[in-house]
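Structures follow.
The two complexes that follow have chain A in common; it is paired with chain B in the first and with chain C in the second.
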Partner chain A sequence: MLRYLLRRLAYVAPIAVGVTLIVFLLVHIAPGDPISAILPDDASAEMVAEARREYGLDKPLPVQYGIWLWRAAQGELGTSIRSGRTVASELSMAVGNTFILAVAAGLLACVLGVALGLVAGLARDRIGDHLTSLFTLAGVSLPHYWVAILLVIVFAVENPWLPPLGMGPDSSDGWRPDWAHLQHLILPAIATALIPMAVIARTMRASVIEALDQDFVTTLHAKGLLPGRRLWHVLRNALPTTLAVTGLQLGNMLGGSVLVETVFAWPGTGFLLANAIFQRDLPVLQGTMLVLSLFFVVLNLAVDLLQSWADPRIRRA
Partner chain B sequence: MTCSTKLRRFATALLLPALMGLASPVVAQGTLRVAMTLADIPLTDGAPDQGTEGVRFSGITLYDGLTNWDLTQAERPAELRAGLATEWAPRPDDPTRWIFKLRQGVRFHDGSVMNADAVIFTFERALNSNHPAYDVSARRQLQAFIPAVKAWSKIDEYTIEIETNGIDSQLPFQMTRLFVVSPAHWEAVGRDWNAYRRNPSGTGPWRMDALVPRQRMELVPNREYWDAARRPRLDRLVLLPIPEVSARTAALLSNRVEWAESPSPDSVPRLRQAGFTISTNAIPHMWPYTVSVLPDSPFHDIRVRQAVNLAIDRDGLVQVLNGLAVPSIGNLTPDHPWFGTPSFRPRFDQAEARRLLAAAGYGPNRRLPLKFIISASGSGQMYPLLMNEYVQENLRQVGIDLELQVFEWEALRGRRRDGAQGASNRGVHALNNSWNSMDPYNGLLRFFGPNELPPNGTNWGNIRDEVLEGLAERVKGEFDPQRQAALLAQIHTRFVDQAYFIWVVHDVGPRALSRRVQGHVHAKSWYVDFSPLFLR
Partner chain C sequence: MSVALEVSGLEVAYRSARGFVPVVRGVDLTLAKGRVLALLGESGSGKSVTLRSVVGLTAREGARVSGRVRVLGQDVLAMDARRQLDLRGSQVGFVFQEPMTALDPVFRVGDQIAEVLVRHRGATWAEGMARARALFDLVQIPAAAQRLRAYPSELSGGLRQRAMIAIALACEPPLLLADEPTTALDATVQIQVLLLLRDLQKQLGTAVVFVTHDLGVAAEIADEVAVMYAGRIVERGSAEQVLLAPEHPYTRALLGCVVRGGYAEAPLVELAGSPPDLARLPPGCSFAPRCVSAFAPCGVEEPGEREREAGHRARCHLGR
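After this line comes the complex of A and B, so read on.
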């Protein structure tokens, strides 16, 4: 296991460097000028040149990349061109907010997805399977911003049961696990969980069906194992693929959903990233993308390790 | 105690609160929650970012300029009024040097005194990179709005002198953007502008009580505000950044806010039905096409410019927008003192448009191909896709094939800075960019002449007109307000007669208000005075 871990860690380093390069280039090849984005309409050419100099954007691109990478390696992600706040402070706040949403949505997606997939797989080609498949098909097909707006209309506007936006009641100075704050989490968590839940359910269904078709299940049945014990073995075999997909979906959720966070005015990383793009706030954009990408890399590593724990054959391969 | 005394006391106890309610002025009435279209709270250090909306919420609430805008009436365009300066005038012996007399007895929110030192400090902080308080963010936000300022000096405790770059009568307008900050407070927060932004101190009618970046800013009344008529009546003003229009509508309908900026046209009937007021008034914000008049552009020919102006059904478009715009027939609205008397009047007359196009050599056998660059959304762009497609259909009816090239907002701004003559804009005939027209420079003077060519200015279409340029020079040297207005009217008359823009609509600064919101004056301005508001 240790050798496997070291081998996987060795892969992470070049991937991380590649990520930084892609992040940097992507941000810089996008049309639009970060300096003109923050300067007024009538800013003179001198003002633009001066601002470009102040932010180091007048240097050649490889030099800019080198400086940024060196600072990022030291944990310094720079300062927002727009707000003057450090990227680290912007990010920590946004990541914390998205984490709350992602955990809630992730739990919902995992529990429902695994349960629905299991039911559909066990009830293959029967009514339970068809209904579940229809539901999950809707889940992956419906645009989640549309579902988000629909949820707001039904549960906040037409029936004022839940708040339509924000992270907490008026004057709340931070999220707390009480009912006043939890009720703000319900609608965005449902909207965020919809697609991952459907993807997990469909994967789980396919994995369960594949496992059920294998000879060892017939053998277990012939040996007289109780259904519950047989199910455990089926689950163990269906789990690695589902885990891999769940990990990716969790990574997606932790990246923040631009659309869901915008509809619910949830100030997370999706919201931060979207506004950084619109305002061409390069330090925030680069910092956020870098942190999220590295997070994805680490999450993938964790999923790989989990998979190898669940199925030792992977480790041997 | 006698029975009658007891009765009198009992009656007094019953009646006193009611009598107090009748006799006393309205005080401290409620918390107003406002849904802004912004994605974050504008900077709170007296140099707000995010354009005029930033000034509306973090500028004129917390601070005062040397001059302020009069936002007390809705009938006429907003005019200048005294702010932290009570008098201002150029020196008779040298009109490039202005004397500003400062208001006495004004204190910052931190308790320190506003005086000449504070005003000088405000200039130094934004424009002098050698000063210890120099702040690059303030420079970015301010420099372009106060281009006339060359130098500044203190004359006495309550008098300063400002030197301009050449003779420039526009200085008083520019001073509305110079929000005076407190040097004492800057020292107190450790000479750190980020700390100042977290805990700002201005002289404005509101003080900041709480700030959660990207979530909300809470303001409370400055009870010692120097202008008693503008002391806020609300208990608290909560500003919430909600950039998504459907989220703002939902917030309003579910009573999470009492005020939502810029509702979508689609939501207007629903909001009205639910009892909300849609407040509109023509604000100095035009939504035109800025055309290229370069020799290789069809708009080089005035007949084409006039024809396109005549082909657009502005009333129809306003109807499509559910009334969230008013037709535009110039940079300014016809009731504006600078509107003048143009002989060309953009109207919906497609027969005349066809005749002019035919005279210019276009017709059924030679349709006119045009290419406009537009944005999908963006600051002040209103509802660009819907509106541009409407205009495209109007133009098709008179034999013009309009190609719309859509850009993301910042990408479009990049194309704007390139100017029509820029290589990136080869083959482009017009730019769809809404413009602020609040003062003479923004409304008129920046759109023509060599000094305003991009990237230094916004003469995107390359308009060179000796008549206009001569009038502009005279305006800069004219200090009498009436004579200045007459010159500006001549400029506008010439600009419209030459059809240098294709005018479509003026923005009406729509906002949806709960019926509980009282005392609202929708000034003909980008700005709002929140002081007279109260909740029923």
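After this line comes the complex of A and C, so read on.
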């Protein structure tokens, strides 16, 4: 297990470096000049050149990358062109907010996904399977933003049951787990969880059916084991695949959260990223993408390790 | 005589595109406690299905099962599912053909033994593991403490089958059902596992039904032999009677197929043709189309079972 851990960690290093390179290049290759976005339209050529120097945009790309990487490694991601605050402080607040949304949506997706998948797998080709499969098929097919807007229309506009925007009654005083804040969380969490929940459920269904078809299940019957214990065996066999997909889905949720956070004005990384794109706020854009992609890498590592714990055969592969 | 297993009129049919196909067609068996019966036959003769039906494992696959099966005096097919579960693993042990797939790949082998004792004997996990340790010694798995913590994929085929035997014998059942337990193993390992099973059978006094297509294996372990063809028992008797003086042409043909080491000039006879399509059985004797001794009545009338000498019976028109 330790050897496997070290080997997986060794894979992560080059991937992380590759991620930083891609993040840097994407931002610099993308069309649009950040300087023209901060300076008035009638700014003189000298003012533009001055601003370029100030932000280090006059240096060659490899040098800019080196400087950026060196600073990023020290946690220094620059200053927002728009707000003038450090990217680190903007990010730390946004990451915290996204974390709240991601935990809520992740829990919802995992619990509901695994439960629905299990029901469908055990009720294979019977009515319980057909109903859940219909629901999960709809789940994977509906786009995040469409569901988000629909939820707002139905549960906030037509029926004023839940608030449509923001994180709480007063955005400045932080988040607390009370009803005033929780009710703001419900709709964004559902919108974010829907696709991952459906994908997890479909994977779980397939894994349960695959496990049930294996020979060892007959052995469990021959041993006279009770249904609960047999279910535990099937679950443990279905788990590794579902875990892998769950990890990827939680990563994809970050992508979905960009859209969902924008619709619900949830001040998280997705919201930050969307605004940074529209405002050509380069440092914020780079910093947010970097943090999100590195988080994705770490998440994948965690999934691999969890999977190898759940299935001993993976460790030796 | 106290009886371990009594099967009468067992019929098993599986659903197919053409309706239910009979796989086992009226099997009768009686096995006394402590005796070993080898159930012989080619693939598709129904021997394995017979064995699994005895403990109600085929109904789960959607098979239609009728007839009567009594294990230690208890009517298995009349029981509810829960009582069948109580019986399996505690009164009847089962060893499967494929040790590669019959064990759960993500559970430690020790846990797979201990759980049987926790379930049937009300043991704690610690007690179950201690007993598993003793069982590993019984089935001669070396370095038992370490092997108990292994996953099935970390064990060789032979060790896996020994672990399977340990599971089957965990509660010291009076009846053991073994479905080709040596077929999937290497030749040298086959003999080791076979000898182990024979020794354990003698030591524990377990009654065993041993399904095999290998006559050598049957000769090695069985007190009694029953030969199956197309879902029926076509010949039965003591091992000596059936294997040394076979009455049925099918049994003779099987014996002709055995490779005898050292006798290069001994004729190796191939059994021509293949087992019949159970959905479209020929009229009369099912073996007649492949039988070298077939004559007029064979294609018309199905032969009944007749006694040739005490305890030796065959289902054939010959030798009337």
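In the analysis below, the second predicted complex is superposed on the first by the 311 of 317 C-alpha atoms of A that agree within 3 Å, B and C clash if a C-alpha of one lies under 4 Å from a C-alpha of the other, contacts with A are read in each partner's own complex, and residues count from 1 in each chain.
Everything that follows uses one rule, which is that a contact is a pair of C-beta atoms (placed from the backbone, for glycine too) under 8 Å apart; a residue touches a chain by one contact, two chains touch by 3 or more.
None of the values given here were measured: they were computed from a predicted structure.
Trainee: Could you classify chain B and chain C on chain A, in the superposed arrangement, as clash or fit?
Mentor: In the superposition, chain B and chain C stay clear of each other.
Trainee: Under the stated touch criterion, which partner chain does A:Gly84 make contact with: chain B (first), chain C (second), both, or neither?
Mentor: After superposition on chain A, A:Gly84 lies in contact with chain B alone.
Trainee: Looking at the overlay, does A:Val152 come into contact with chain B only (first), chain C only (second), both, or neither?
Mentor: So A:Val152 only meets chain B here.
Trainee: Answer with first, second, both or neither: which of chain B and chain C does A:Asp311 touch in the superposed model?
Mentor: A:Asp311 sits against chain C, while chain B stays out of touch.
Trainee: With both complexes overlaid on chain A, does A:Asn237 touch chain B (first), chain C (second), both or neither?
Mentor: A:Asn237 sits against chain C, while chain B stays out of touch.
Trainee: Classify the contacts of A:Phe216 with the two partner chains as first (chain B alone), second (chain C alone), both, or neither.
Mentor: Only chain C is touched by A:Phe216; chain B is not.
Trainee: Once the shared chain is lined up, is A:Arg229 touching chain B (first), chain C (second), both, or neither of them?
Mentor: second
Trainee: Tell me which partner touches more residues of chain A in the superposed arrangement, chain B or chain C.
Mentor: Of the two chains, more chain A residues are contacted by B.
Trainee: Roughly how many degrees, to the nearest 10, is the angle at chain A when you join its Cα centre to the Cα centres of chain B and chain C?
Mentor: Value: 160 degrees, nearest 10.
Trainee: On the overlay, how many Å separate the closest CA atoms of chain B and chain C?
Mentor: 49
Trainee: Can you pull the chain A residues that chain B and chain C both touch?
Mentor: Shared contact residues on chain A (touching chain B in one complex, chain C in the other): none at all.
Trainee: Enumerate the contact residues on chain A facing chain B in the complex.
Mentor: 31-33, 36-45, 47-48, 51, 54, 82-85, 90, 93-94, 149, 152-153, 156-157, 160, 163-167, 170-171, 173, 262-265, 267, 271-272, 274-275, 278-280
Trainee: Help me check something: in the complex, which residues belonging to chain B touch chain A?
Mentor: 31, 33, 39-40, 43, 49, 51, 136-137, 140-141, 143-145, 147, 193-194, 197, 210, 212-215, 218, 238, 240-244, 246-247, 250-251, 253-256, 407-411, 413-414, 416-417, 446, 455-458
Trainee: How about chain A: which of its residues touch chain C in the complex?
Mentor: Touch list, chain A to chain C: 214-216, 218-226, 229, 233, 236-237, 240, 310-313, 316.
Trainee: Of all residues in chain C, which touch chain A in the complex?
Mentor: 55, 57, 60, 84-90, 94, 96, 98, 101-107, 115-116, 119-120, 151, 153-154, 164, 167
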